[in-house]
Amino acid sequence: MATQDKSSIFADIDEGEVDQEDENVDRWRRNLRLWRETLAKQWRMLTDDLMVRLAMITIAFFMIVAVFAPFIAPRGPLTRQYEGDAGIIIADWVEPSFLSSESEYLLGTTAEGFDIFSQLVYGSRAALLVGLVAAVFTAGIGTLVGLTAGYYGGKIDDTLMRIVDFLYGMPLLPTVIILVALMGPSLWNILFAIIVLQWRSTARVIRSQALSLRERPFVKAAQVAGASDWHIISRHLAPNVLPLSFLYGAFAIAWAILAEAGVSFIGLGDPNTVSWGTMLQSSRAYSALDFGAWWWFIPPGICIGLVVISGFLIGRGYEEITNPELR
Amino acid sequence: MSKASFVVRRLLQLGVTFWAVGTVLFFLFRLMPGDPTAFVVSAQMTPEARQQVIESYGLNEPLYIQYVRFLENALTLNFGQSFHTNQPVREVIWTYLPNTLVLMLSAFVVAYILGIVLGVLTGWYRGSRFEKTTVVTALTARSLPTFYVGLIVLWLFGAGLGVIPMSGMGTAGQSYDSFWARIFTLDFLHHLVAPAAVLAFYYMGYPLLIMRSSMMEVLSQDFIDVCRAKGLSERAIMFKHAARNALLPIITAAAIALGYAVGGSVLIETVFGWPGLGREMVNAVLRRDFPVAQGTFMVLAATIIILNFIADLLYGYLDPRVTYD
Amino acid sequence: MTNKATTNRRSFLNKAGATAGLVGLTMTAGCFGAGDDDENGGANVEATDPDMLDEQLPTYQFLNNAQSYNPPRHDAINLMADQFGRIGLDMEVEVLEWGTLFNRVDVEYDYDFSLWHTFFTIDPVLELNSTMYSENTEPGQGNFAGYENPDADDLMDQYLEEPDADTRIDLVHDLQRTLMEDLPQMPVIDMPFLAVYNNEQVDNWEADLPHGFNSYWTMINLEMQGGEDTLKGYWPEALDTMNVLGHNDENKHTYNFVVIYDTLVRLDNEGEIDTDVSLATDYERVDATTMEYTIRDHTFHDGEPLTVEDIAFSYNYISENEVPVYSVQSNFIDEAEVVDDSTVRIHMPDDNPLGPFNLLVGTQIPILPEHRWADRDEPSQVNVEEPVGSGPLQFDYWDQGAELGLERFDDHFAPVDFEQRFWRIIPETSTVWENLRNGDLNYEPFGRIDRPLDENRDEDQISVQSVPATSFWHCTPNQRSDGLDDPEVRKAVFNAVPRSAIVDQILFGVPDPGFNVVTEAFGPLHTDDVTQYEEGVDIAIERLQDGGYGYDENGMLHFLVE
């Protein structure tokens, strides 16, 4: 990323004094306050931008849909729909209700007789689960590793960075495919595989940030004053790299969702879970577009696009915070 | 540290990375459930024949012996023979890698030319409607899965309008003597357009945004006004300065992105029926053809590792401020 | 009552999901599917007296292929599992990609139900002999059903040794009756051979028994139309090899090798040996273990003459090297011997004479040019770049992963009517149909049954022909599992298989429901006189209740107390 050699505007957030007699509880409180202030400040800057606000609203919208999916979706996503009661007559390829007055399905049904709208609603769960969990872990692991490597340097740094180098050598999609083939096609395994690779870039960027922060006077002062490593990392380094962590976290939402869609599209998606990726795969397997059933193919892609672009926009918002020249 | 010793050290690290990737890969495959011979044998084969197949691939030997052999072979770039087709893996790679590279390179050339031009323009016309639309379009392009856009393009322009071929690298029923004889035909170009355009659309966002911020940085500096005062052409100024600043990040970003694009090529190759390395790798994984899967994966990994390395070197070469540490 | 139970469970899930909030979102991820609550539906039936109920039948795993691998079969398995749930079985569908799936069923026997599709059964007993023989029940040996019946073994042994065709017919009829009574395997759908082609460019499609419309017989009988000189086909996945001894009998390879390489004798569309179009102009059974063939003058694609030495070489070479793909045939070859310039004898092992030798071996072993193969010592692992055979089509080019081109061999005794034939690799069914309609392709060798076929079959330029095939979808319960070892349970399960729904709704009415493990395509070998099983969940439930099983209040099936 182009931001790694830019300085943060939060470089000197610390008050510059270290109270030796602080009790642990007190330290925690101060830490918390500091973090809260930092976050609040960033939040204000972030939400200043209209695009970022829209992105956040989009994500929030999908979150609500995901949480309340059972109430919004009229049917189970993998509950086969039948016509009438006599015999087995699958209600497949039903047109959406806005095109055909006889249809009771908002977006029609699939070739197997599943309700597309319900699948779309439940699909938001898989997407957000993948996106948010990947974001938390990508940012979390990456920040932790980056700070540790950058602050301690030496052998620890070397070892950690060799691991990161190794991960950098792994192509994302092929690696996820191999791991999924190995562990079985479940959403958790896909998620795990994505996380295993994703934290590498966060770690690298945070490390270089930590390397430069380590040399700053306020850190040196704290060291001279005898502050513990943990104190310095949590209090002096972490708040300064936080915007970067969030930036990579936001981007991770986007990449993870795209990766999940890609893996599902190849046919290694979780067969017991409906995600937008598996919807696309299945609509392609049945050539939905050829039969003009665009209502099966188009909506999941748009949903993916919306969540992913929201991730990008929030990430870009953070990029502008960390790199004020962009503003 | 001197430049030379920096390069040597990086090369050593490179070697270690390759070894690690190869080793992890080797063991991942051996842990995989599913019998690698399941696809090689037919249902009617006798159990003895099946056993013979397993032995002929050395799969009955202890793991460490297989591993040592794998390392020995890898050193000589010999990834063995396909379980499936008995073809040397090296040949498989030579067959498919050029197809992937030619697709990715053409897409990248278009993406970066387009991205840079649009980046300059959006930077210059900052705040205009043009800028906003372009940036949003670029971000949207980046947010939609390539396979999704690809399928829509095929549907609209292939099945609908009939102006692009539905799949493959050439019209059916024609054969060419060599890869080079093929790629300079109009027919090949016709087949290349759609997948390359979809990829270019996807990848242009990055150079566009870099170029745009570089433009904005330059524009905010005072000397632009000075230049303007001197009566220099505006376009000449903006381009020269902004381009100079943005060149480094763009080149390095391109090198790194190209590596990952090759790794992710499976999606677009699947949609457009492009006989490329990514698709071949996925097929090999699915049918447990370990030698081919390992070989093709190593090539994808090597592309990334080497391009990253080149990006590093370029960084040092183009930006004298970088110290080799 | 069942419906109520399901509703309750779902509304519980709904509430759980709704109140859990964001944390709950991750916690309930495991049951995102929400579809499984229907699969465990249970039967809609009055509960048996609880005191009589013993344990519930175990949960059964129905292994399914990924949707992308074969959409209709994936769908059919889900539908079947639904229906099995309705007779009170606790079903779980597990989706696996192909390598793992094959291994679980065919090698490890770690499954409860499977739905398989068998190809290329040239002879019904040869296939059944590996999958139903009592001695093959060890892992990897072939009898994945775990079926053991000495009577059936006897019938199969006798059949394979019997040289008299009429006696063989009686034996195989008995075998069918036995198998359809014991029901180790349920014939779900008889998959037909389909000829799907553009009739403006090519016509006169005749199928043969093992290879359908991709057979040698089909190819030499095709008549090109409207000046078209190329047969244009496709395959959804890339071909793997040009080594006729190094493939795994997947149809994509077999369909090409049967026209590149000649075999001693060839079948016509009636399943009879036709020496007019075979390399052997005459054949004779000298004694129980010896066949003698008279060979016509012919050359290989490279211009070298094809001699009796080449034929003896091919037979000896394949059996001596234990070529895996011909391992079954090798068992029946002891030695091939040149008699004179135009005569060759094949000896079978004394202890393993084969009745239908021509059918099972003569039509199968490819004739190889000795001058190309003599020096190759691991035939199945040779990397062949340009195969040289003597068949009606010769190798032209192979653009790996993209296209295979064959051209007419002008010196063949049964020439084809087209100049060249190519197979393009096209995974997308929509692309295939686009091309078939506009004539960029003119036939569909893969035989996919899907909605595009259904929508296009009435187009003027498209013709669809269907003949019964030897292949069928069979559902196999694993008799190693508790409950499935009882024939009554298997029969009830077969009653519950929604065969007509699968045919009509998933397969667009193209195939027929199955009712016998030896399909109609085998002509006189097939018989209608086997136990028939009516479709219906109610019939199944009744059968189970009569057969010593009972239901609990959730409609789940239990064993009864002794």
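Each chain carries a letter (A, B and C) given by its place in the written order, and its residues are counted from 1.
FYI, a residue touches a chain if its C-beta (ideal position, glycine included) is under 8 Å from a C-beta of that chain, and two chains touch if they have at least 3 such contacts.
Here the structure is a predicted model, which means the values were calculated and not measured.
Colleague: Name the chain whose C-alpha centroid is farthest from the C-alpha centroid of subunit A.
Modeller: Between subunit A and every other chain, the largest centroid distance is to C.
Colleague: More contacting C-beta pairs: A-C or B-C?
Modeller: Of B-C and A-C, it is B-C that has more C-beta pairs in contact.
Colleague: Between subunit A and subunit B, what distance separates the C-alpha centroids? Give it in angstrom.
Modeller: That gives a centre separation of 23 Å.
Colleague: Please report how many Å separate the Cα centroid of subunit B from that of subunit C, as a whole number.
Modeller: Going by mean C-alpha positions, subunit B sits 39 Å from subunit C.
Colleague: Between subunit A and subunit C, tell me the centre distance in angstrom, where each centre is the average of that chain's C-alpha atoms.
Modeller: The answer is 45 Å.
Colleague: Counting only residues that touch at least 2 other chains, which ones in subunit A make the list?
Modeller: 181, 184, 266, 289-290
Colleague: By residue number and range, which residues of subunit B touch two or more other chains?
Modeller: Expected reply: 33, 159, 270, 286.
Colleague: Taking each residue of subunit C in turn, which ones touch at least two of the other chains?
Modeller: Where subunit C meets two or more other chains at a single residue, that happens at 97, 428, 430.
Colleague: For subunit A, which residues are in contact with subunit B within the complex?
Modeller: Residue positions touching the partner: 2, 162, 165-166, 168-174, 177-179, 181-182, 184, 254, 258, 261-262, 265-266, 280, 284, 289-290, 297-298, 301, 304-306, 308-309, 312-313, 316, 325-326.
Colleague: Can you list the subunit C residues touching subunit B in their complex?
Modeller: 97-100, 102-103, 106-107, 118, 126-127, 130, 140-142, 230, 232, 237-238, 240-241, 243, 246, 248-250, 322, 324-325, 327-328, 331, 378, 380-383, 396-397, 399-403, 405, 420, 422, 424-428, 430-431, 434-435, 440-441
Colleague: How about subunit B: which of its residues touch subunit A in the complex?
Modeller: Contacts found on subunit B: 13, 16-18, 20-21, 24-25, 28-29, 31-33, 139-140, 142-145, 147-148, 151-152, 155, 159, 210, 213, 216-217, 220, 249, 253, 259-260, 262-264, 266-267, 270, 278, 281-282, 285-286, 293, 297, 300-301, 303-305, 308.
Colleague: Mind pulling up the subunit C residues that touch subunit A in the complex?
Modeller: 10, 13-15, 17-18, 20-22, 24-26, 29, 32-38, 64, 66-69, 71, 75, 78-79, 82-83, 95-97, 428-430, 433, 450-452, 455, 498, 501, 505-506
Colleague: Write out the stretch or stretches of subunit B touching subunit C in their complex.
Modeller: Interface residues on subunit B, with respect to subunit C: 33-36, 38-50, 52-53, 56, 81-82, 84-88, 91-92, 95-96, 99, 154, 158-159, 166-170, 172-173, 175, 270, 273, 275, 279-280, 283, 286-288.
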